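Chains here go by letter, A, B, C, D and E, matching the order in which they are written, and residues are numbered from 1 within each.
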Amino acid sequence: MKDTLSLAEPVIEAEGLNLIFQAADGPVQALRDVSLTIRKGEFVSFIGPSGCGKTTFLRCIAALEKPSSGRLTVNGLSPEAARQSRAYGYVFQAAGLYPWRTIAGNIRLPLEIMGFSRADQAERVQRVLELVDLQGFGKKFPWQLSGGMQQRASIARALAFDADILLMDEPFGALDEIVRDRLNEELLKLWAATGKTVGFVTHSIPEAVYLSTRIVVMSPRPGRITDVIESPFGRERPLEIRDSPEFLAIANRVREGLRAGHIDE
Amino acid sequence: MKDTLSLAEPVIEAEGLNLIFQAADGPVQALRDVSLTIRKGEFVSFIGPSGCGKTTFLRCIAALEKPSSGRLTVNGLSPEAARQSRAYGYVFQAAGLYPWRTIAGNIRLPLEIMGFSRADQAERVQRVLELVDLQGFGKKFPWQLSGGMQQRASIARALAFDADILLMDEPFGALDEIVRDRLNEELLKLWAATGKTVGFVTHSIPEAVYLSTRIVVMSPRPGRITDVIESPFGRERPLEIRDSPEFLAIANRVREGLRAGHIDE
Amino acid sequence: MRAWLKPVIYGAGGSLLLLGLAALFREGPRNLLADGRFWLLFAIWGAAWAVNAKIADCALRSATRGGVALLFGATLLLLWEVTVRVYQISPVILPAPSAVAAQFVASGPILWADFVQTILKGALSGWVIGCSVALLTAVLIDRSPFLQRGLLPVGNFVAALPIVGIAPILVMWFGFDWHSKAAVVVVMVFFPMLVNCVEGLKAADPMQRDLMQTWGAGWGQSLLKLRLPAAMPFIFNGLKIAGTLALIGAIVAEFFGSPVVGMGFRISAEAGRMRLDMVWAEILVAALAGTALYGAIALAEKRVTFWHPSQRGR
Amino acid sequence: AEDVTLQLKWVTQAQFAGYFVALDKGFYEEEGLNVTIKPGGPDVAPVQVLMGGGADVMVDWLPSALAAREQGAPVVNIAQPFKSSGMMLTCLKESGVATPADFKGKTLGVWFGGNEYPFLNWMSRLNLKTDGSDVTVLKQGFNVDPLLQKQAACISTMTYNEYWQVIDAGVKPEDLITFKYEDEGVATLEDGLYVIEDKLKDPAFVEKMAKFVRASMKGWKYAEEHPDEAAEMVLENDETGAQTEEHQKRMAREVAKLTAGSNGALIEADYDRTVAALMAGGSDPVITKKPEGAWTHAVTDLALK
Amino acid sequence: MRALVPVLTVVAAILALWYLAAIWLNADWARDQAQRAGADLPFSELVSQTLSQERPKLPAPHQVAQEFHKLTWEEETEGRRGFVKSGSFSNRGLIHHALATLTATAFGFVIGSGFGILLAVGIVHNRAMDLSVMPWAIASQTVPIVAIAPMIIVVLNSVGVAGLIPKAIIAAYLSFFPVVVGMVKGLRSPDAMQTDLLRTWNASGFQALMRLRLPSSVPFLFASLKVGIAAALVGTIVAELPVGGAGLGTRLLAGSYYGQTIQIWATLIAAALLALLMVGAVGLVQRLTLKRMGFRA
């Protein structure tokens, strides 16, 4: 498995990426010398202390932020071009639903934009609503939902159209363990079935280890990559693997990396 | 310890609380027949599937929502009156920082409103910024911070003035394990030192067990209390207790309760 | 607000108003306070506000809401009527509301004809055209940064041309009938509408825009699905302000040449004949029409921007 | 010195030259008066200013003063410096108007705001309905554009003002045809001096007005003889700075023709003629009953003694 | 500076259109005149005539520019009453009048927008005011100001209030409304969480106003102020009609009496420049404020 992945064509290639924000009180280096290649079908998790640049890196990939220097290509194109070819499904850290649209309307929005047929739209909305367990809430407005429900709606929105690259910024942060486990499984199923490439930010070490083919550990001020850990697990991942010694070993290595990042400061 | 707590005077008393939202497409029962007494100095966690009414219950306590029926008193007063005596420190599920104020300005805001002296304000802002590990970020605007940093700023804001009752709605959702552990410890220290009463919503079972004197498990549609679990641990809680058998036993009971709530639906 | 504050504030407000009114008729403040007539007016004001504040505090249904507004208006009218009577103000300066009402009833057909000419033909068509053009311009400007930098300052400049100068010119260009009035209205409403639209198109929040970007939404799509909805509160703001300006514009433009029908024509002609009751009857028509237009816009706003915090939770 | 405020009917121009001459030449001062002249304009109703106490005396036309009187503003004519009317209807020859009989079916520009009475009276004399069935009436603005732009066949002009604007615009006199109200027998009394009736009960006020009228008439007679100099004084008093010398000098000369023959006292026959005209307004007469006490010789008697 | 090229481009386009329009609109008169004179009119002659008429329907830009120059620079440097000869601005020039209008407008704008903000605050904080004042504030704006401006001014004059104040009152009357409408909306724009937060701190109404409602109404405020100041200018100019004396409104009207189109246009340009200046000033304050408030560029 590992081998087939490393042979797959690269989807995201970053080389020597730097990003500096010009704030009023001086420049902030959010990313330093970040180099990373993500191949087709990989599931890469990003983990690191808050403020280490995970969101910023994801935003760079999605062409929402322009790196100050370095090379970044997506599918061999510039991120800008990839964006225009609608390569991304992005889940933001905050739900970011449009208040004037119902939940179903919010999920339908990208479909409308991408020109899906009416029937297809309705079918997809229904499907993803079920996926995130929000059937029956399609007609509510965002402010009528709880925080976790809004978060799920925003995940549903990103899954509704089949983007090749899924970028998810702490999508499951506001969910309880049970739902989280369920959605983890669903996400894995989807990934296994479709061969999407996934970039995933999380704060939960078990989640990162459970889901990913690779885990990228980052460290702050300035944000950089301190460790990249390959996972030995295949595409099929029953929940039980979480009790295996390999799992715990990797989790421990990630924890060490994280801690190092914190002590660094 | 347990005994002294059950003898302490009740701070929050809810009896037969019901809350029904009138949405355009019909009424939604968010709370049904919720009865709970929280005594002075208790640390009560709320856990439950998303949409089960945790936030709504906290909002009722803080007089942000009016129950449709039932009795609710805070310090023997109505929640409204308690609010007027500035009894609450509230951390919302989303950071909710004011975009036109710097981080320090945001933290200073409640202090200004409550009429703290200038010197006191500055000193407190400094202290809580350190507490949440944001020293040096006081002059930034919210949108210049990462999601986790914003969340920490909002915690700092609620801690800056010494309210007797702390209501926290998933305050640590967007934080990584290391920071979370640190803040858990800090929160416990604060709680042990000041004898504040804390209402705490979380999705993490270990967190709930580690922090609380009591854990309230809730279940959705309609939101109700399904289990209340007393914790045997005292005020002093080293991180190691998380590996003790009592800890795991309680965690398991909570997990069962949660799972039941999910199957219920 | 503290309970005792209300009467104090309203009392102060009321006395200021009355003092102002009285000053208009050259009563020194000192004579004023010794004058029983003043205290009569003051008592009416105070009593009415007390009642009003009471109702407003418990008014929740829309019927009573309207009642509060009506009562307030009735109070003003009563004060006006009583002032005119007790101070014996010449009808050539200020007619009593009762005289205006009588005139209003007596001149129904004339008022209707004027209304059709000025409001329906002049103001409304101008308002529709002006607001649409402004919205289109805002969108156009938004589309092209070049135009934004070039057209906005120049647009400000052109649209700031005062109506008094514009009206005679437009009457010369578009003739005496309502077309020139509509043209004046177009020019008049353009700027307020444009400013609000441009401001509104900037109102979508950054995360919402970023989302559109990740979907590779085109400019038109993100305009239609994000920017316009987010701009709606501002656009309605513009529509409201433009609505009242449109009436003013259409009426004022008639001062600079018109056929012998129209509210502006009537107002200027009758003012010259000292028939102020007729003038005020026309003003009443204008006020009714304006309020109706405003109410209609507000209603539409409520429907369209139900999601905005300013509409929610009230 | 006694204060007197005079409200003009229109903007500062040579139409009111007499008053400015009296002011600048010190005629008022000689009488012991301290006179303030307030310019008017299309939006100023002098009657309102008078009733509101903003002025002691005003310049107005008799028809509009009588109409105001009927509306409850008791104004009284105390002097009549203008002997004849300067109003006329000016038509483009190419519009096909040659005699009043040709008005039928044409569009005519009229001033409203109290200045329309003579026109309405004339039309009812001609048996022409003004509701659009016989002639279409336009409320013309301040200037002569409707004629130049051919939006109207004829427009109202004054011999001393608008007529010359048409000429200045480049239209030759021979391309125009004019109907003077004087010639058509429908002239009404123009610029007179009016005060509020009540005030005349006070002999001191009558005395003051007599001084004012005396000095004003002196100014008028001086202006008749020295129109150019009078125009200069008008220009000097024009705060807006919009008047041109050439136009004002010509206006002063034309106005002199209208004031000629008046010593300030109202001629009763002229007054009766105006009243008769106004009451004969057909279905919609300007005034419905014969006005009582709308003029007095008390002031001019005193002034001319 | 970045704006220079685009602005110049747009201005050039407008000037081109303007010339074409001038030729088109003024052609009728030129042809008429030729016909009356019995002369025939070749096209080049027609064009040159349409651009040099004394009373054109639409004066050509260069005519307006010349007039503007004459009424400002030439009048002040060479005129008998000009600045150079008399030490004060000439009442025949535009500067004198523009200054009069500017002061009255600024004064009225300050009164009007201040009153508007106060009213909006009252409306947002007090139910009775919301229910009763707002409909009448709306009705007040539908009263055609020009119809009552003379009455107001007459009445004020009769109490001896004259000069600047009556004009400022009318200006304030027109400018307060956009500010009220915008501010009511703006003061109500904070979202639920932001207000809830303040409630948990038991902030008073006044504190909520100062610390939440006002800051979040700022974008609305500036949009309204820009409209308000333009409205104030309209008000002042309208008020100047019956007042007479100095002011661009008086000038416009005077130009209008005598059909001096070129002079009207020159005055219009002056008025628009004035508006631009004032709207620009508000815009500057806006940019500075937003920057201080940390709004993203």
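Just so we're on the same page, a residue touches a chain if its C-beta (ideal position, glycine included) is under 8 Å from a C-beta of that chain, and two chains touch if they have at least 3 such contacts.
Heads up on the chains, UniProt names are A, B = ABC transporter ATP-binding protein; C, E = ABC transporter permease.
Since the model is a prediction, treat every value here as computed from it, not as a measurement.
Student: Most C-beta contact pairs, which chains?
Tutor: C-E
Student: Which chain is in the middle, if each chain's centre is the mean of its C-alpha atoms?
Tutor: C
Student: What's the farthest chain from subunit B if centres are computed as the mean of the Cα atoms?
Tutor: The chain lying farthest from subunit B is D.
Student: Most remote chain relative to subunit A, going by C-alpha centroids?
Tutor: Following the centroid criterion, the farthest chain would be D.
Student: How many Å are there between the centre of subunit B and the centre of subunit C, using C-alpha atoms for each centre?
Tutor: Computed value for the inter-centroid distance: 49 Å.
Student: Roughly how far is subunit A from subunit E, going centre to centre by Cα mean, in whole Å?
Tutor: Computed value for the inter-centroid distance: 53 Å.
Student: Measuring centre to centre with CA averages, how many angstrom lie between subunit A and subunit D?
Tutor: 85
Student: Per the centroid of Cα atoms for each chain, what is the distance between subunit C and subunit D, given in Å?
Tutor: Those two chain centres are 37 Å apart.
Student: Spell out, as numbers or ranges, the residues of subunit C touching 2 or more other chains.
Tutor: Touching at least two other chains: 26, 93, 168, 172, 206, 255-256, 268, 271, 308, 312.
Student: Listing for subunit D: what residues touch at least two other chains?
Tutor: Counting only residues that touch two or more other chains, subunit D contributes 42-43, 45, 48, 52-53, 141-143, 145, 149.
Student: For subunit B, jot down the residues that touch at least 2 other chains.
Tutor: In subunit B, the residues touching two or more other chains are 94, 143.
Student: Which pairs of chains touch each other?
Tutor: In this structure, the chains touch in these pairs: A-B, A-C, B-E, C-D, C-E, D-E.
Student: Give every residue of subunit B touching subunit A within the complex, in rising order.
Tutor: Answer in residue numbers: 21, 23, 25, 28, 47-51, 54-56, 93-94, 139-140, 144-149, 151-152, 169-170, 173-180, 203-205, 255, 258-259, 262.
Student: Mind listing the subunit C positions that touch subunit E in their complex?
Tutor: 1, 6, 23-24, 26, 49, 52-53, 55-57, 59, 65, 68-69, 71-73, 76, 93-94, 146-151, 153-154, 156-166, 168-169, 172-173, 191-192, 195-196, 199, 203, 206, 233-234, 237, 240-241, 244-245, 247-248, 251-252, 255-256, 263-264, 267-268, 271, 279, 282-283, 286-287, 289-291, 294, 308-310, 312-314
Student: In the complex of these two chains, what residues of subunit B are touching subunit E?
Tutor: 59, 62-64, 83-86, 88-90, 92, 94, 96, 98-102, 109-110, 112-114, 141, 143, 161, 167
Student: What residues of subunit D sit close enough to touch subunit E in their complex?
Tutor: Answer in residue numbers: 11-12, 38-45, 48-49, 52-54, 141-145, 148-149, 165, 168-172, 175, 238-244, 247.
Student: Using the touch rule from the top, collect the residues of subunit E that touch subunit B in their complex.
Tutor: Its residues touching subunit B are 193-194, 196-204, 207, 211-212, 215-216, 218, 293-296.
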